[in-house]
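The letters A, B and C name the chains in turn, as written, and every chain counts its residues from 1.
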Amino acid sequence: MYILKLLLRNAFRHKLRTSLTILSITIAILAFGLLRTFVSAWYAGAEASSASRLVTRNAISLIFQLPLSYKDKIRQIDGVKQFAWGSWFAGIYIDEKNFFANYAIDAKNYMALYPEFILPPDQKKAFLGDRKAFCAGRKLIERYHWRIGDTVILKGTVYPGNWEFILRGIYHGRDESTDERLFFFHWDYLNEALKKTAPRRADQVGWYVIEVTDPNRAAEVAQAIDKTFKNSLAETLTETEKSFFLSFISMVGAIIVAIQLVSFVVIIIIIAVAANTMAMTARERIGEYAIFKTLGFKGWRIAGMIIGESLLLTMIGCLFGIALTPPAAKVFGKIVGTYFPTFRVEIETIYMDIGASILVGLCAAVIPTWRAVKIRIADGLRRIG
Amino acid sequence: MGLPISYSFRNLWTRRLTTVLTASGMALVVFVFAAILMLAEGLRKTLVETGSYDNVVVIRKGSNSEVMSGVTRDQASIIETQPEAAIGADGQALLAKEMVVLITLPKKGTNASSNVVIRGIGTSSLALRPQVRLVEGRMPKPGLSEIIAGRSIAERFKGSGIGEILRFGMRDWRVVGIFDAGNTGFNSEIWGDADQLMQAFRRTVYSSVIFKLRDPSGFESVKKRIESDPRLTVEAKRENRFYAEQSERMASFLRILGTTLTVIFSLGAIIGAMITMYSAVATRTGEIGTMRALGFKRISILGTFIVEALLLGLIGGCLGLFLASFLQLLTISTMNFQTFSELAFSFTLTPGIVWKGLGFSLVMGFVGGVLPAIRASRMIIVDALRAV
Amino acid sequence: METKIPIVEIEHVNKSYHRGTHTIPVLVDITLDIAEGEFLALMGPSGSGKSTLLNLIAALDNVDSGLIRVGGIDITGLTETELAAWRSVNVGFIFQFYNLIPVLTAFENVELPLLLTGLSRRERREHVELALQVVNLASRMDHYPGQLSGGEQQRVAIARAIVTDPTILVADEPTGDLDRVAAEEILELMDRLNHESHKTIIMVTHDPRAAKKAHTIRYLDKGILNNVHSQAAP
């Protein structure tokens, strides 16, 4: 305790300088934390995915579809417990700024496959019973202030025209990581309309989602599915849901790498600032260190004082930074909210914050410590006069 | 009359370690600042050059990109008859009916894949894009499963070099040529004969119709006519505008991210500069008193410390820009959020970015140094002299 | 002795320091005339106010009440800016700890006051070289203070003090930080300046050897000027 008091008093001899240093560390930790939260938000979708679900899509690319007739063959594959299908609709609500994922699903089977979307039974019944119905996540309806019974119109981009839907169900997520911004409606509704206006595009699905009886056999079942449709009109590519999400992320990999690099740049900047402060402080106190030496203090004790003071500064800054990160993340999340389902500060980020602060505290103390330990008493004393 | 600049320089030199550390902090901020501007500039350059002002792109109404669009053969024929289309050297209209799809291809070296644009072209397609030049091999022969690859694709994706075979749409396609499209987005595409590709992908409709305007000002009239024709459900845009719109979301994302980061970082660097300058003032209190005693006015003292802070910023700025200039050796390839297709662009350093970077570093130096400088100038002479 | 024209006229000057609610009087009703060409030593115990009086004469500080005229000009009525300009022409400073700018060479230190004038570079150079010759340090003009001994640094400071040919030279403990030999050199120099160049010198000192070089010694005690005049060497 005595040591802590000594370090604190020493640190605050220069109130302004110490406060500024702590402030800069706080800002850095905040920036670092936000950047990491940003990166982990990208991966949130992958985190939320289930190990026992597979996604089957057209092997050529996402823009090609699969025939509805595949469902009969899929049903017969060993290891398939249940499955459903869906198609991206990519409709626009009022204008392009309002971006959210909307798709057409084979509702009855789909809801069974996603127990993490929790829907009150009466709403579920209403949703399933009305072909024009849509079901949306809690965050989405809060954003646009929709209520049960409201009619919402989406402008089709892939399927042109203005499409009307009625809100019948609002789901909330079972887990924290569940995406509550989705909008889904009946695939039949889409298909019936297509049969009339563009029959060649009817009876096609964007993907199948399949639950396997045994998660350990997931790879095996995936291969079996793809084998079934090899050399047919539309070859399939089946992978786990997680893998599917990760492949999206890998496409923007360059940006993620860049952001991660930048978060380390922040740390380096702060090391420079903190090291500067410690160097100046040590330079001013070189005389005192010489006096300590004359009193019999060994080099390592002096080193301990310097390192201790440096760590004290960085840890105080770190604490403030950590305290400010969740509210800052909330604000930031509101701004970029549409791009990410969740914007949570992970515990790993906190650990990294602390680790970074310790690193900064140690690095900043290196040169001053080296100088202080090496100073000869006579030289040090001369510097006071 | 004030103190010479050499005074400020030498003071910075005397406390070398401190100067280096503080300037490095600012250098890093300028580096990030410049990198983001260079990235945005690289993106903009790619877009601006992709697509000509004289070309018109016709896609289905409401689709955001060619991939989502569908133009039937009948509709395409109607568009073909527009009088505003320029006539090429062969007497035919400079017009192409193209089909665009995305396929997933594995990258070289990693296990990752990316979405690549396959464009089914017509005979006029190459002529419509003067930015594109065939640099190796030849154009695909109609009726054969042949393709040519953009330089960016050939360099990054497996099996897309000249002579190699790519398999998709249940067929093997031989790469018979490589084209270079400079900085444009076309460099990330693979081109082949539209009819062959449509057969392979079982498409019966085109994605878009592109033609060159005989007279660039004729755009408005042909746009009006096409969009009001009841037989067509299309919209027409100038080609360069069309491509620019496709990357707006990407560009604004980069801008927002970049600005936020830079502002936060600059706060850290400014605080660093402030700490340094406060310390400089404190250490030189005696000097300041002496100079005031000799007759130097408050404003001279203020000025000299601000100059010192500005120099600090300038050193940081030059260092940061120097490091940033090396980024030009890198190329970024990523997925465009809006079109889901691969986009490759590089960092571009312009004189404008250099000025902005230096200006920013001077601002950081100033903001960091102004408060300490004011403190220095407001010292009471006798107190300062006593501090020696 | 002919009556000399007073170059410094101090009339009923009072000065106090305020520390919170306390007011501590430092100078009480000081009246003093200093003649042109005089070499005056101000002595007294610690806290007697002698340095404060020096600061007031040099226009580094303001009086609470009273009048000070230097060279006929009432400096108590001037603004901060006017005083700065006035000081640069009329006062030469010699401090106990030399107060040289460490990052400037001896030459540049001496040149510093000349930067406030309108002289050209060549003219400044001439003045600086002359001043350095007077103090016998022309050969070391490109050295930094860190490379000079205490005595040499003080000589540079004196060169700086005389380079503008000021009306008065004020010295606050000029030998305070020097060993016996160096102190003697400095005092010798100041004596010469006074005798040969007729510079008016007002010096605050503890050192009796320094005081011996002065013409007149005045004593201050608790802010009050003693009526005791002590005549030193003529």
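Note that a contact is a pair of C-beta atoms (placed from the backbone, for glycine too) under 8 Å apart; a residue touches a chain by one contact, two chains touch by 3 or more.
Bear in mind the structure is a predicted one, so any value in this text is a computation, not a measurement.
Student: Measuring between Cα centroids, what's the chain most distant from chain B?
Tutor: It is C whose centre lies farthest from that of chain B.
Student: Taking the mean of each chain's Cα atoms, which chain ends up nearest the overall Cα mean?
Tutor: B
Student: Hey, how far is the Cα centre of chain A from the one of chain C, in Å?
Tutor: Chain centroid spacing, chain A to chain C, equals 70 Å.
Student: In whole angstrom, what separates the CA-based centres of chain B and chain C?
Tutor: Centre separation, chain B to chain C: 65 Å.
Student: Rounded to the nearest whole Å, what is the centre-to-centre distance of chain A and chain B, using the mean of the C-alpha atoms as each centre?
Tutor: 25
Student: Sort out for me which residues of chain B touch chain A in the complex.
Tutor: The contact residues of chain B facing chain A are 17-18, 21-22, 24-25, 28-29, 31-32, 60-64, 67-68, 101-104, 112-115, 168-170, 201-202, 204, 233, 253, 256-257, 261, 264-265, 267-269, 271-272, 274-276, 278-279, 332-335, 337, 340, 342.
Student: Which stretch or stretches of chain A touch chain B in the complex?
Tutor: Interface residues on the chain A side: 16-17, 20-21, 23-24, 27-28, 30-31, 35, 59-64, 90, 96, 155-158, 160, 200, 231, 233, 235, 237, 247-248, 250-255, 258-259, 262, 265-266, 268-270, 272-273, 275-277, 279-280, 335-336, 339, 367.
Student: Any idea which chain B residues touch chain C in the complex?
Tutor: 1-4, 7, 10-11, 13-14, 286-287, 289-298, 381-382, 385, 388
Student: What does chain C use to touch chain B in their complex?
Tutor: Residues of chain C touching chain B: 55, 58, 60-61, 80-81, 84-89, 91, 93, 95, 97, 99, 101-104, 112-113, 115-117, 160.
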